[in-house]
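Shared between the two complexes below is subunit A, which has subunit B as its partner in the first and subunit C in the second.
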Partner chain A sequence: MSEAANGAERELDLGWMDRTGPLETRAEPGKYGLTIADISIGDYGEAPEASDNLTGRPRGAAARPASYRIGAYPVRSKNDIWLDNASFLYEEALQRQWSSATDVPWHTIEPLPDDVEQAECQLATFLTEVEFVAGDVPARWVSLTTPDFYEPRQVLLAQVMDESRHMDVFRKRALANGGGLMQATGATSGFVGSIDLSRDFTEMSSRLHVSGEGSVLTLFRMGELMAQNEAEKVIYRLCAQDEARHVAFGVMHLRYMSETAPERREEIHCYLDEAEGGLIGAANPVGQLTPTSESMAIILGGGKDHFDDGMNKIIAIRRRQLQEYRKRVISAGFGERFENGRSRVAQMIEEAA
Partner chain B sequence: MALFPSVDWFDEVRNVFNADERYRGAGGGYCNCVAGFRIAEKVFVLTFDGFECSAAAEGDDGTLDDVDFYLEMPAKAWRDMVANIAANGAADLHHTLNTLDLDREDGLATSKHGDQVREDLFFRYNQTLQFFFDASALVETEFPKE
Partner chain C sequence: MARKPAAKPSPPKQPAPKPAPPKSAVADEKRTFEPKYNWMNKTRQWGVRVKPGKAGLKLGDLNVGIYGETPTQWADQSRNPRGAVPRRGMPPVGYSIRDKAGLWADCAADLYEEAIQRRWAPATDVPWDTIEPLPDDVEHAVCQVCTELLGYANVDIETITGWQHQMSYGYHEVKQFLATASFDAARHYECFRKRALANGGGLGLEGPGMVNRMILESRGGWTEAVVYLLLMRGAFTMTLYKYLGRHAHNDAERFIYEHALADKARHVTYALDHLKYAMAHADDVLQVVRTLIAIGEGGLTRDLRDPVLAEALAVIFAGGVAKAAGRGMAVYGDMMRDYVATYLGYCRWLGVPRDPARLPPPLNEYADSTDTGA
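Right, the complex of A and B next:
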């Protein structure tokens, strides 16, 4: 018996105390604090190969009898989304967050020649545009994934935060120095937009994380190279760090898929065929002449009059971009496509030489 | 006064880097990698573990087989970078690690194993690596006579 606030006596129902996951669990902090790797112990650390959890039940919690479905969760097979280092990537993402408001030395931005400022603003417009897709798409897949695979879900949620910051930091850059947003490039209606048409998580990840973000990683690194001031240096360097983490997610997922679901390898090669098409499309401004690649050439060259110098640098960096893509796909376990003539990347590297 | 390059020099930079909590935020933070540096004929290896650079050691060419990535450029370019950091308190726009990487035809960062996931750690932890070398601005450095 217990006394309620109004003084009346009531019966306690302590039945919930008997409905638990494994008890007497004592996770202990490691040298990096109490990470989700540290709490992956006993049954709590076991992600099922296939999940029938459609009720939002946290992995390891006792099931609630007769509970109704709250999620459709088409992603319920482990190899659909899993990767070996998800918990590590998540903790790294948390630890390496930054603020676009206070960690960027905005005071170092100074007036630039009009053509260079306009080019900076064009690039910032493009990046704001593509980062919308990079945030929207993983957010949707989080909601489609069973809670039993919470580690990769956590990484995707961290990615959404990263992309949100990228959207705002490039918008801030466009508005910070006497320019503004330029015309939308339409990149999101091409390959970048098509990422959101993916019907399978691995299809999405191969397009978004491996091909798309791998290309944007190169763009961010170029942004750091051509920065006109310390603020831009920091913006692009920090965005590149985030992007490299997203790329690692995609490559490690492909690697897991390759090892655990070999029957899907041909399907994955088809996704990579499509993803490689995006490497030469207008969505990749390092790929061919677009308003965005023109703007980068102007910034790299130091103005419209030195456009050719800038374009030569872009071509050199494009070669690096393609070589890095090829090595990531090899690392993921799909290197045979570069040996059997299926991939055009080697030809693209030669053309960029 | 520490001679660049030497384990003593890297140790002094480690002491500055590990003691300054500002390097743990602003895009810094957990960093877990083993990075190699080929400077002239010498090879050095730094181990980053969590918030700290936990070890600096001298190695040889074979040591580079095991690092996640290594940075290689001519001795003069290393010296210019370190001198630039000392003069400005941090790398200027032309001497950051990423800029030096992209500005060089063969790049600055590479590996022997060719695994791009491990090579990508150079990009993933770039701010931490930059913080590390920028910390050298507080180390009195001398260079070998040419």
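Right, the complex of A and C next:
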């Protein structure tokens, strides 16, 4: 046995005590506890414009010259992924986690007429199908991003968790009331320009966070109209809370990008052109007529007999989706597209009047 | 679009189609659309009514009838939810992990729900106000250990998120459990950074990185990553948390280590369950794991020969530099013996027992020679 294993004394080197990041850092908890914003102080708060961290070390730690370059991160320019309120969104996500097992009052679900239950199950099948594209894709981007930008990474990790819960809450809904899953739509397949296939983070984020989840957020906020019982109301309300954070990520990131990388503005407009082309498409349950929007009309109208009432509500929700999309894009700093005739959204809103 | 397809010729009196005026599209949609309802009754199993139990409506409760059937291969490359009627002809999303043996663990659904029930928020749940100034050498050591643990959490994050999107939709329980695992890792990343910056210190020196490299370089499949990340590193991290919890300086540290340990225990539970499943259901996995752990032990010992982590731990265990070489290193030795015993126990349970005498140094020095490994 060696000395170490025996617990016998051995000379300590202690050279590591002189190889540190800045010392005498004393972050203080504030009103919301000790948040990421609270520890963003001194040099530790400074994310570099371009990260040369190829070893995966925590930002601000002392580097070892002998370290392996194991982190060939494709995302290492700050404006590729940064946003100003990541700390807030992440901490909020932690505070607002919920459980689909115990926070949804499942016992309030009562048998529904067959057409309505089928419609609920069709919608739940669609949502189970699409929710985790918003888990799969951000997860992949986390693995490609330098830890020097750990704040946005944390928000994306919270999103993956949120989406996992969304995927499961709609599966639970489909199997809780005498129905079952129905037919998938293929809405997230690998088409060029789809969320999965984006080769740039901002491209992905404009499509996933701003247009895609933006539309879903508007929809979930209409949960009072859609819900047949208290359980569904709670599901939509809690999901909307989560989606609001995901959308905020995208809007705030686009804003940061528009302010710090003006040379990319034209390119971003191209992504928005594409996104707008799909705003009322098949991947939107209140888009143009698909199995999912037929089921939405039944849910909103209260049965096949009231399909037209349901359609009217669909069109109202669609209008609101478009209006909210326009507001978000303006807030992100790309509002000129609504002034200069580039965007068709105004016309789409008018058509939905 | 909602307008009817132009399959039938227009009746003669109808004027030729012309560009629609602005408001017409939706008005047409409202007026002329006849719902097809051709999606109705398309289901593989109807009449399912899963009731919540004492612990609510859990993910695993949904595994009834065809919804609980998890085939050994998942050929569907779309996000077709398990048990739904697939839509044919859609371009594949491109999942690379399509064999159940490549990721499955029966406990994943339960671990998922458990992770959600046991969630915690470092900002508000950790009693940060219990942290008091420590002697410089001890604070330094705490900060150094936190820096290493940040590195571990970083590799957890990068590895899990690098694999997650490659896993087929049909095994959603595992994808969902891993979402909790990478979120746990985010929480660990956050709370060790917070601890390092909260008490007059700062971050220390980055870790040596051999095991990190080994984990990130595991390209042979998720199972290989599980061996390195969740079994070997996971058991080591658990042991560190356990000893750091015992030597915590305040309630804040105690809280952090206790909760991080509970999180990590779930990851290791998944790992053991998955490896057992993979070995039982796929040809050659047992042999491959045997080879991987032999390679892994080599990587681990290279990191262990670096003195920084051991010394920082010794300073913490001894309450300062003065007794670090003696008492501190003695506790470090206990910790390493604990780790090696745990690790050998896992190997034995998995059916890949290790001969303690043949472990590479310094691991063999911490092995109980009476632990025959059989």
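Of note:
Please note the rule applied: the second predicted complex is superposed on the first by the 339 of 353 C-alpha atoms of A that agree within 3 Å, B and C clash if a C-alpha of one lies under 4 Å from a C-alpha of the other, contacts with A are read in each partner's own complex, and residues count from 1 in each chain.
Note that in this section contacts are C-beta pairs under 8 Å (C-beta built on N, C-alpha and C of every residue); 3 or more make two chains touch, one makes a residue touch a chain.
Since we're looking at a predicted model, the values are computed, not measured.
In the superposition on chain A, contact of A:202 is made with neither subunit B nor subunit C. In the superposition on chain A, A:146 makes contact with neither subunit B nor subunit C. In the superposition on chain A, contact is made by A:32 with both subunit B and subunit C. Look at A:294: by the touch rule set out above, it reaches subunit C but stays clear of subunit B. Shared-chain residue A:238: touches subunit B; no touch with subunit C.
Contacts of A:248 after superposition: subunit B is touched, whereas subunit C is not reached. By the touch criterion defined above, A:317 lies against subunit B but remains apart from subunit C after alignment on the C-alpha atoms of chain A. Counted by residues of subunit A touched, the larger count belongs to C, out of subunit B and subunit C. When both complexes are overlaid on chain A, the residue A:91 reaches subunit B and subunit C alike. With both structures placed on the common chain, the touch criterion links A:347 to subunit C but leaves subunit B unconnected.
Residues 32, 91, 95, 97, 99 of subunit A touch subunit B in one complex and subunit C in the other. Within the complex, the subunit A residues that touch subunit B are 31-32, 88, 91-92, 95-99, 103, 217, 221-222, 224-225, 227-230, 233-234, 237-238, 240-241, 243-245, 247-248, 251-252, 316-317, 320, 324, 327-328, 330-331. Taken together, the subunit B residues at the contact with subunit A in this complex read 25-30, 32, 49-50, 93, 96, 98-99, 101-103, 105, 107, 114-117, 119-121, 123-127, 130. The residues of subunit A lying in touch with subunit C in their complex are 1-2, 4-14, 16-17, 19-29, 32-36, 38-39, 41, 44, 55-58, 60-64, 66-68, 70-71, 90-91, 94-95, 97, 99-102, 104, 106-107, 115, 118, 121-122, 125, 128-130, 132-133, 135-137, 139-140, 142-143, 147, 150, 153-154, 157-158, 160-161, 163-165, 167-168, 171-172, 175-186, 188-191, 196, 288-289, 291, 294-295, 297, 304, 307-308, 311-312, 315, 347, 350-353.
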